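So that we are looking at the same thing, I have put the structure below in structure tokens.
Chain lettering (A, B, C and D) follows the sequence in which the chains are written, and residue indices restart at 1 in each chain.
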């Protein structure tokens, strides 16, 4: 997929995101990434709250690997790019890149699993799989 | 009540609590205060997760007024003092003070209400009222 | 000022904002409010990071009073309305309202003070006062 | 090193740590892990705020890989175990495990780098290396 076809989510860095080192606190890039995944799903017609209420399931992160390349700072305008790289019956994999203009700041590889609210693995609803598949390479 | 009779909750300031101004981010004192209230309740035999699971209720903050007097910084050892100042049938009021040694840093006055998970006001369970009452002045 | 003249800041509720009670965690409305104040200032040409770097000052919350009227939940689209209600030499006061459509969810009254990075009170830079004044009623 | 020789940091799960799915939000385990690393360093006589003020350096996470095995929930009493697995001139590696009793919930492998506040790589101060080395296997 061309880079331009990745889902793009813009965000701003506020005081809440930074720490006394003057940069964005390392855990907060995972918050940014989850916002981006939520918006990508919403644009595909999949809302987390409806998945919970109607299907009794949620997408949970099983594994993530995060490379911190350069720090973001207060007032930065960032973009989170999201690309679904693999879809299985109950799991999906994604690559997320946090950018500031042309600079790649943080790179996140994730594996997500579909779970019941009771915590057991569940199949991805067919509609979700199909819609994500159109976005997958 | 003598000051020494207030519930005392110690905590440490970590990077996650601070912001790029080099001080604790203003919203985070409310996180500290809620930890202290939870521990005070736990010592009285009241756990939030059991209140939710067994009684279907939660204590929600209805109103708070926060005075920021002096800032806390990274690595500070703080104490949150909690005093229940009033108990009603479905509400309670408390004063919480965040200290560093003898310095009063932040002062929080709260009104909490007992709510069902559906969001309606509910009476405080009798056992909770009675145990809190012993701590109230 | 007509309500429509208040600064409007839209935001979405994500998992990070919610808690196990199924609603937005009470401290997080202060994060939402600070984002809205930052964007209001940015639109007036005042960036927090530039205030720190160029003027050596920051706007710190001195006092806030928060009324929690109705809870927000996952996936809600919210608006934070901000109105500067008073401007002094070194302080300003504001009212912020978190809405979901026509529902007022949370109401925040704040007093902010201008501070040097060393923690002492400082006068608001004249340009900032003047630009905020045009927004004040 | 025997498991019992790993640094042990106890913590409690509060509402602030959980999300609407009823479990601890995935980014928050990184907050727990950083608290544990800070306390391990503090016990070795190394405080983050002193490193910044006196040496002008900070330890920043360069890479982390996180396995989410089982979720933690509200009121859980957790332990974060920390083991330094490798020390270089400017970097160190660590393994951190979040446990609830005998259950391994989250496993975090990290690479940290020593940085100047300006963002460039720096050597670990000799005293820090030496004290960490005694804890390394």
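In this text, contacts are C-beta pairs under 8 Å (C-beta built on N, C-alpha and C of every residue); 3 or more make two chains touch, one makes a residue touch a chain.
Keep in mind that what you see is a predicted model, and the values were worked out from it rather than measured.
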Comparison of B-D and B-C by number of C-beta pairs in contact, larger one: B-C
Most remote chain, CA-based centroid, reference being subunit A: B
Distance from subunit D to subunit B - Cα centre to Cα centre, in angstrom: 27
Whole-Å gap separating subunit C and subunit D, where each centre is the average of the chain's CA atoms: 33
Distance from the mean Cα position of subunit C to that of subunit B, given in whole angstrom: 24
Residues of subunit A engaged with two or more neighbouring chains: 15-16, 20-22, 27, 31, 34, 49, 52, 73-74
Touching residues (chain side subunit D, partner subunit C) in the complex: 15-16, 18-23, 25, 27, 73-74
For the subunit C and subunit B complex, residues of the former touching the latter: 20-22, 26-28, 30-31, 34, 49, 52, 58, 60-68, 70-71, 117, 119
Complex contacts: residues of subunit A adjacent to subunit C: 12, 14-16, 31, 34-35, 38-39, 42, 47-50, 52, 73-75
